[in-house]
Amino acid sequence: MSIYAFRVHKFSVGVLGASGYAGRELCALIARHPGAELAFAAAHSRRGEKSLIGGREVTFIAGDDAPLGDTELVFSALPHGESAKWVARAREAGAKVVDLSADLRPGNGAFDVAALGTTLGASLAAAPYGLTEYEREAVRSASVVANPGCYPTAILLALLPLLTRGLVAPGGTISVMAASGVTGAGFKPREDLLFGEVTEDFRPYAVGNGHRHLAEMNAVLRGLDCDADLIFTPHLLPVARGILATITVPLAAPVAKPLDLWREHFASEPFIEISEQVPTLRDVVRRNVVRITALPAANVRTPTLIIVSAIDNLVKGAAGQAVQNANLLLGLDETLGLPL
Amino acid sequence: MSIYAFRVHKFSVGVLGASGYAGRELCALIARHPGAELAFAAAHSRRGEKSLIGGREVTFIAGDDAPLGDTELVFSALPHGESAKWVARAREAGAKVVDLSADLRPGNGAFDVAALGTTLGASLAAAPYGLTEYEREAVRSASVVANPGCYPTAILLALLPLLTRGLVAPGGTISVMAASGVTGAGFKPREDLLFGEVTEDFRPYAVGNGHRHLAEMNAVLRGLDCDADLIFTPHLLPVARGILATITVPLAAPVAKPLDLWREHFASEPFIEISEQVPTLRDVVRRNVVRITALPAANVRTPTLIIVSAIDNLVKGAAGQAVQNANLLLGLDETLGLPL
Amino acid sequence: MSIYAFRVHKFSVGVLGASGYAGRELCALIARHPGAELAFAAAHSRRGEKSLIGGREVTFIAGDDAPLGDTELVFSALPHGESAKWVARAREAGAKVVDLSADLRPGNGAFDVAALGTTLGASLAAAPYGLTEYEREAVRSASVVANPGCYPTAILLALLPLLTRGLVAPGGTISVMAASGVTGAGFKPREDLLFGEVTEDFRPYAVGNGHRHLAEMNAVLRGLDCDADLIFTPHLLPVARGILATITVPLAAPVAKPLDLWREHFASEPFIEISEQVPTLRDVVRRNVVRITALPAANVRTPTLIIVSAIDNLVKGAAGQAVQNANLLLGLDETLGLPL
Amino acid sequence: MSIYAFRVHKFSVGVLGASGYAGRELCALIARHPGAELAFAAAHSRRGEKSLIGGREVTFIAGDDAPLGDTELVFSALPHGESAKWVARAREAGAKVVDLSADLRPGNGAFDVAALGTTLGASLAAAPYGLTEYEREAVRSASVVANPGCYPTAILLALLPLLTRGLVAPGGTISVMAASGVTGAGFKPREDLLFGEVTEDFRPYAVGNGHRHLAEMNAVLRGLDCDADLIFTPHLLPVARGILATITVPLAAPVAKPLDLWREHFASEPFIEISEQVPTLRDVVRRNVVRITALPAANVRTPTLIIVSAIDNLVKGAAGQAVQNANLLLGLDETLGLPL
């Protein structure tokens, strides 16, 4: 048996917002990426600080000191509302960008195109939605990508085989209950995220109303001509990482062997695992995969599927998918540097 | 200010199946109960062993050595399938019984009336369902009570105001995602319940099909003339105690102020808390309460409520509700000895 | 059997610093205390806010609005350095005080007597150290008590039988490794206390040098004529509550049956449990007890005991011991309102 | 920049006892090892079962069906007492062996040389102790290696710089308090290891007496002419992985800059990290490293160091160190396939 590897070029990539959970995960992934090297890790409030990330020491710089023009690709893991203007700066400096914030995502509307000027604004407004397995070709030819939210990644990928085939019952209600580890809530200290408050607890939040991700998912559903109502209730889990979504979907018609549908739809996708066993967080943490099962609900009159979908919120739900998109933007093998 | 308490009699009560989680919780509650004293704690496989429960040392005896005839009330926390015959023995010996197993519960059918003889069998078959806030008067006049399952307690109490008013959309689908702490899976060692397997994980189980509790809930729904389909997906949480259920219910007609409905229905109930804030496990652990909120889903065509309900699976979901029922069976104040 | 309880008076007590972990625990204990009622709960930064504590709604007021003069006893759970001046204000207003901060504790020296004026300063400086089982009589006749730190409570109570008998090897080294749940670090948000940072971790801190509690313990050791060196390494545990200390003590001479020594020393103490089984956190959380075992080290030349001591850091290590002291200050039964 | 890798041969390796925690970790490491491939995974009680390990499906076979003779190296992760006879079988079949059990370790004595026959028994009895950084050359030339226990790995590596220089105070007492995640207790179901029992708890065990690892450590100490008494108290942590040891060592003479000593001793060791910051479990989990700091105790008469050492019990404490030794046995680069 023989292994052979050869590479001549490492792309220069930078991270804005590098001190949060997604930013750190990006730095760790880049450290092990055979085709990229970390040009800078910017975190304004920690500029000058050193931090051990992924086994390497990283020194944070201020965003204003980031050599955007000397960088081939920039990841922005900056907060929603603040990110778009940095995306614009990076684009003006010539770098390609993967934006992990919500600013450029469909359904979000927080981003003011006009304020950026016509050309640049239009270019950002046209950023494809980087749910890679859904918009791969658009990503491949883009300069800016809007990396999806963590919940939408888990939920939309699980629904795609039904949505693209028009199998959801028209006018039906898709009910999604999803639970996330606390890193999904960010690295900024908050009383309700202290260990003493989270351990041995389990909490729904944003119940009944507009979590930002609901609009993002509805925009994709509408784009796929699905008129179903989506009810989405996120919960906070006492774990560090992972999202698990349990989805109830009424069908237009019964589906005989649901898993075959998913297997067919995602045939040859390296990061999508269709499983007869019900996925759990353990199956997916620290890996850039979504793991999905689908089962018919028993003893109900409306044919209904129960779909369970699990991801690592920081990998496939954020930094991993961002690297997957970056690989496409840079013309690299899509799987490079990503933990399977 | 003055406090005055006087009591002349302590009822003699015993526990069968005392070494499991529910059995231990019963022993601990009885130890602090001002109107009851523990006559025996039976646990066949541990007979002769001493154990510290609720701050007191308890010595387990064999069930065959339990002085059933000298005991005014017996709690059976024996496994499903094994409990009914002990309930029969305790009844024959003259004791009242609260059965925490599924054997006598509606929708279960695991219990063979004929095998117990006509009179006794019929008496057990007639045991009221001890969801106290639903069947209080039947419990008060009974000799045997079938204590509800933990999930059904959380879910049915949350639905009662809608069910009794016929407010669930006819032919609609009620979707329930519920999550339980691991004590709900019992004290018997299993690989998948080891700390190393559960920590940092979150798992659905019995997806799509018949968890025992689904039949129990459907039986109550049908008894209340609700024809809705019920989809129930339980999950295992990395916490020791607590159940939280998130319930999506399509309505026959919009409900303007949902919480008012619950407040009215449960007015003066000591163990039911209606809350504007979304309940979490922390709000209910170690207390004999169910805590409920209800909110309308936004931006959906079918008027839909999202209800969240939380209990401690070992207290209101098992031992606490059992003591609540026992208080009624013995003619005591229903709240005696129960942690609020 | 009969129970009889009668009480004519409830003392009026207040809590300063009521929104932190110790302050909340105090409010919860007072809510269930048969001889005390909560006059106020002061928390400056949250004045006007309502909070559910121990099953009751508490409204925080500003410290400046606290009716100190109408209160018979005040607990101060204010931060170190800030507490002493409020202790002085409460004393001037005529209230007795239990101070949970370090300000008045031996070995601390953070408290400026002169700044308070001669009489008041001297009175505060004379506050007994409220390690109740050690200074019970001094507490009983005092107006102000310095409630011990959580680690010193666990460690000093465990050492008392050796210290008072001069059994520690002169010039020897007592080595203490102790571990605390995160509530010991307070309720103020910090990155390193986020759930995502603490789960699955275990960390020593203040290694090798002066944790505040080391000076407190050394002051007591010296007061008992023990010249041993004390090495104290605290650790942060991924649990909410509890302290466990493992203590290695070289002896002046072998002790044949160590537990007999502890049993004799603490005979009739209601809150001290001597145990043949090694204590764990589970044995003590939510109870106002210290649980201790002592075993000889095998195969060593210097006779050495290994002592393990466990408490709930918020109960016996803070609020519970504070109520125990308050009971003595008010002439009540020492055990009133305390969970055993 | 260029990367170049070339390899012509993958060694065939097998795992006995593959279904436990260490066995699974071995399978996962081998799956990613560029110089080895998994020939078999034997687990008698699960023969025929498939399991997802390290992202690959593994089918367990019975030990009796293992092709020992066609395997270049065998790892035995069998239970203590059962392993030695399988080590002998593998040796007779011509395979090199890394034994993760205690059977061949110094100080253990559970292994009956005579029963194996003179030649083979003597060969096993001569197996070097695979604390790689201590016995590297002996390992390199051996056919069988006794892989160290997890606690001894963390503790002995931390002590080596003092032991080899004779810096421990003669006749002194080394006090070690160590804490391990629950995977250290194995994968066999036990009541006391259920999630519901371990969460929010912390427990010492084997207090005062002979944990198997104490004899192992004492044998190494004596071999290095250290006569100090060793007091070792292990604790069970509510985490899945990791060991942290806090060690108090009296010195023969003060050491001015302790970290320099460790840095010098371990210069160029790839798997040993000397750190000014105190190590925590987070720093080491899932990596084949030991991380060490050393600080002088303040204000003590006997010069004393406090050393903190952390490892992943399943990696550097078991499977990772086993692979490190296997690399040496096979003449491969010592770091191959090991996560840094």
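Labels A, B, C and D are assigned to the chains in the order they are written; within every chain, residues are numbered from 1.
In this text, a residue touches a chain if its C-beta (ideal position, glycine included) is under 8 Å from a C-beta of that chain, and two chains touch if they have at least 3 such contacts.
From a predicted model like this one, the values you see are computed outputs, not experimental measurements.
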item	value
Residue-number overlap at the chain C/chain D interface, same or different (half cut)	same
Angular offset of chain A relative to chain B [C-alpha, multiple of 5 degrees]	180
Winner on C-beta contact pairs when A-D is weighed against A-C	A-C
Inter-chain centre distance, chain A versus chain D - centres from mean C-alpha coordinates, in Å	38
Chain A and chain C, separation of their C-alpha mean positions in angstrom	47
Junction residues of chain D - those touching two or more other chains	181, 197, 199-200, 238-240
Arrangement of touching chains [line / ring / star / complete / other]	complete
Residues on chain C engaged by chain D in the complex (per definition of touch)	171, 173, 175, 177, 179, 181, 197, 199-205, 207-210, 229, 231, 233, 235, 237-242, 244, 246, 248, 250, 278, 280-282, 285, 293, 295-302, 304, 306, 308
Chain C-touching residues of chain B, taken from the complex the two chains share	1-10, 34, 37, 52, 55, 199-200, 283, 287, 340
Chain A contact footprint on chain C (complex, rising order)	21, 181-183, 187, 189-191, 193-200, 238-240
